[in-house]
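Two complexes follow with subunit A in common, the first pairing it with subunit B and the second with subunit C.
Showing the complex of A and B:
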């Protein structure tokens, strides 16, 4: 039971939604956008979240797009996770979101809701971080498409009245060799100690030697994390460590784990020390698996 | 659509192939409306947090935890509760395989299993496990529940 009441709006266009938000905000109704609503209902029930007005964006056509175009995959923010899993256009995304909550809950949890939620883990963002996806955001000043690195730093930075409309991923990034691991304290259900997603992408760079420059092709590991800290992230520094070609696997992992951001979660799911230990082992597994692939 | 705060509004919900009148506030969750207004007490309140699956119902052929859905979201959708299932193979199979003990989780399990059978008549063991992880049985009757589901799936082959 939600212990307070609120107004409910279901706009059918982006324009209508942002106009509504502005009006309701002016009326001091603390409006919030609502997609799958699982987290909003759960937090409202225990009085952690309060609002006087909900704007349900599920009837906005752009938020329900699931389309593989010539060069891009477009996913609307209101798509339930299971619908994305069943389409399986992006296998790394499928594998990662299959580990979120449980199957029935994922029929209601949406991709936008997971990315924009308050929960620490928000694993759905990880594949988009490592594929350098584009984020489509709507606000009172219109619609903008931005690289994810510009708008996601620990959480998606939305200005007041803005909402996530779509995620766009280049087709070339959809079928790279990948690994996605969710480590829990025990069993196959529950929150993670650590979730790691990684892909191996063909890259090239100019290497200077004594006489000239030469173009060298190599495969670069791109990796993102959730569960270790109270936010999901992709770290340039850790990626640089793990891609040091002259280091052994153990040296790469040691170097990377010396650059973990703070704070590391220290709770009933696992102590900070234990999470670091699991992280180290998981990184070794990720690197050795991707090297074989 | 817009609904005012604090006011009750009359709507019709399509429940078990009947049009049922309800008077709801925007913040009413579907589980409460089904149980308290329509008297459909088969859907059980457990955790109210989407963890236990005791309140699972069917919305347009998809299992949904009714504690995580506003009643207002169910307008124009086909809602099926345990009361809407009559002599289905999975119900018979639960009886034949003693797939319940105290019975509290049973309606949620049956709704989930019924949707699984409809959507995946040739479900693999992995798919069965993935779907059934959504429900908790505190009597730990999982083995019998698994046998009941597999019995129906195998009889379809």
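Showing the complex of A and C:
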């Protein structure tokens, strides 16, 4: 049970929602946007979250879009995870979000809620981090569309009153060879020790040989993590390590694990040392699987 | 007509599957008040100040209980204030209680109570509690009132010590050629029943105290309210509707006391208190933890010669039932083997952890984990097949138990047959370990278990039977329907006994202590045994009355009559009979004269020749009968990352007689899943300050749908002669061996001794890495 009273609003347009936020904020009601609500309920009932006003954005049409256009996939922030799984336009995303919570909870948890939540695993962001994706953000000054790399650093950087409307992913990236692994403390239930998503993307670069320069086509591994640290991320450094063509698989993994960002989580799900061990094994598994694909 | 053994659908099934079954919390009435607890974030601290002023400002707050000295409570040692006074001794302990008009108001006000604490040094494990210079959790143990046969040790954290001294240890060690020594430990965990505990209390104008509770112990609530608060026992009425899972956790009396005090604070108005999940996990009593040290020896032929054991049970901050759990651990301190020389000290230790309730198996899954793991270590050192080692030592009629009781076929059953059947199910002869790929092995592990019930020697049960005018019968028993289907099994027994259709037998599911005959507690898998015996006596009482009346009407001798198929008839001439429906409310002659009157059956059962244990040697008769079992686990283990999946779990259990096949399977399989969950994942995680880091189901995770292995169960039927239809207890026994079997299987796969729980991959990693470090 949530021990405090709050006002509940359900605007039907983006404009109405941001206006409402501004008004409620001036009235010092500490408004928050509400999508699936699972996290708000979980945290409010134990007094970790407090608000006097909730703005439910589920009636905003743009937030419920689910369609594949000519060049891109558009996913509204208020889509429940299970709906995205069932449409399965982006198999890597399906595989990743299927491992979040359980089916009943995923009927409520939305993609926007998972990405913007306080519970820091936010695994739904991982597939977007390693693809050409953009986020659509609404605010009092209108709607903006930005590359994800510009606005997601550990968490989605939203200004006060802004909310996530849509995720847009380039069609070309939807069916790359991929792997998504979630490692837990034990068996199939629980938060991740580590979740890794990786995809193999055709790429090209100039290679300098002793005699001349040549353009070489190769497949570049793009990889993102959650659970290792108290935030999800994609690291250029680790990707560079894992894509060192001249290194053996073991060497790549060793190099990458020497570049893990600190602090590594050390909590009741697993110690930092153990997480490193799991990370190493998982990276090996990821590389060897992608090599075969 | 044979009903025994058949899979009769339980009587409350329709209500449960349609969602209309009513549990305590489903009862709402106006004007009912609601209580909410404030709990301690500290494991050990002085309470220096409580500020209630902000909480009182919330409209609708009717009473606040805090900082008041109420009578001390506790089943064996009265060491526990129902609401903390001056000091808290565990994280989650109740510090204050708010009574308000609605649950929301109570909760809001509870968050406004400010409590100042002064942290004290924390006792964070039984091993630490046992150290000489450990902080003392209770300074004045000696001042506490206590029952007979409890032995707290002054100026220590020892609430009780049970000693087992059997045979001659010196001789035992002389005969020993192979010896293993090992340490074990695991932290407290929880029952995590689906229904969180809930109590409604009111005190009526005539001072009658009415309690409705999700409890396994309605009659104990009545007794304890009388003992603690000096209420006339006849003025206490306890109602228990259906209970949504209990597993021992609802045998402890805690929330009832708080609800009573809360009602008293609002002049007897009806007050409801419902545990949140967090409170149900840590504030209410938990599943006990254990630290243990064992030394076990055998001669080269594998015959066990001596066992020296120290069990330090983590009773937590208050002793309550933990004393009895540690005593039960002493009684069956070894596996089901013939061992002539045993020295065991089972201690109930005070720590700054949540205090312990009974947990399915009552100390046995804990003790068997230690002993049966050690058996595998011994087998390895001896280079003997672990099944062979167990077969050599399996207890047989004529052998004696740790409490020096000579057993017979009836009371101990057949361990060897269980082992042999398990061997077959597990395909043991194909080998216990097999490489299935470059990185994976399949591994099997087994263990044996036994359990007697160590409930009070004078524990009893009563059953009343009444007739309906159509000759159908109502069973009224004090057994609580906690999900085990026991009351439906009682109906089956009666149907069998009276040769009736089981549909003609009705069962009163709810217990009301005013009208329902006493059943000690619905614990310790005693429901079918004790209430079954009482029921059969009540049936005999009915039969006697029916025959008396019929003999008079039919003008024949009673011994010539038989009861069955709704009739009382002449044995040799069955077509001479009376319908029971025509005589169960008296018989009327054609002229209107009537005789007989309604027939009410009455039956009781009290435990037979059970004794207290000798304080110096532990000698005595601990309980009526053992149920023995052999259990196994097969799993697939990843040699690289130490993850594993349980493929299948098997149990062969000697239940004496299967009364209802599906119900029995349900009990055994349910127990197995709970055992795997406890062994494989469930534990409270304590930080250095004794605070619990995972008091929610998001982070405390019992086995979920989809994580189950294949379950295989077979029964052995060695009747216990004094049991109803030969049946032994079976409610807990699926659970007991799972931790040991899982640990044995995993230890074999990982090639390292895994002597802690839960058996998560990180533990295996840590143990393996530790082993590597040691070898450097």
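Please note the rule applied: the second predicted complex is superposed on the first by the 288 of 293 C-alpha atoms of A that agree within 3 Å, B and C clash if a C-alpha of one lies under 4 Å from a C-alpha of the other, contacts with A are read in each partner's own complex, and residues count from 1 in each chain.
Methods note: contacts are C-beta pairs under 8 Å (C-beta built on N, C-alpha and C of every residue); 3 or more make two chains touch, one makes a residue touch a chain.
Everything numeric here is computed off the predicted structure, so don't read it as measured data.
Shared-chain residue A:267: touches subunit C; no touch with subunit B. In the overlay built on the shared chain, the residue A:104 is in contact with subunit B alone; subunit C does not reach it. By the touch criterion defined above, A:9 reaches subunit B but does not reach subunit C. In the superposed pair of complexes, A:189 makes contact with subunit B and with subunit C alike.
When the two structures are aligned on the shared chain, A:52 is found in touch with subunit B, with no touch to subunit C.
After overlaying the two complexes on the shared chain, residue contacts for A:1 are found with subunit B and with subunit C alike. Of the two partner chains placed by the overlay, only subunit B lies in contact with A:38; subunit C stays clear of it.
Put simply, subunit A uses residues 1, 4, 42, 45, 102, 188-189 to touch subunit B in one complex and subunit C in the other.
Considering their complex, residues 103-104, 107-108, 110-111, 276, 278, 640-641, 643, 645, 680-681, 685, 693-694, 698-699, 701, 703-704, 706-707, 758, 760-762, 765-766 of subunit C touch subunit A. Those residues of subunit B that touch subunit A in the complex are listed here as 1-6, 25-29, 32, 48-50, 53, 56, 62-65, 67-70, 72-73, 112, 130-131, 133-135.
Looking at the complex, you find that subunit A touches subunit C at residues 1, 3-4, 42, 45-47, 102, 183, 185-191, 267-271, 274, 277-278, 281-282.
On the subunit A side of its complex with subunit B, the touching residues are 1-2, 4-10, 37-38, 41-42, 44-45, 52-54, 56, 58, 82, 98, 101-105, 107-108, 188-189.
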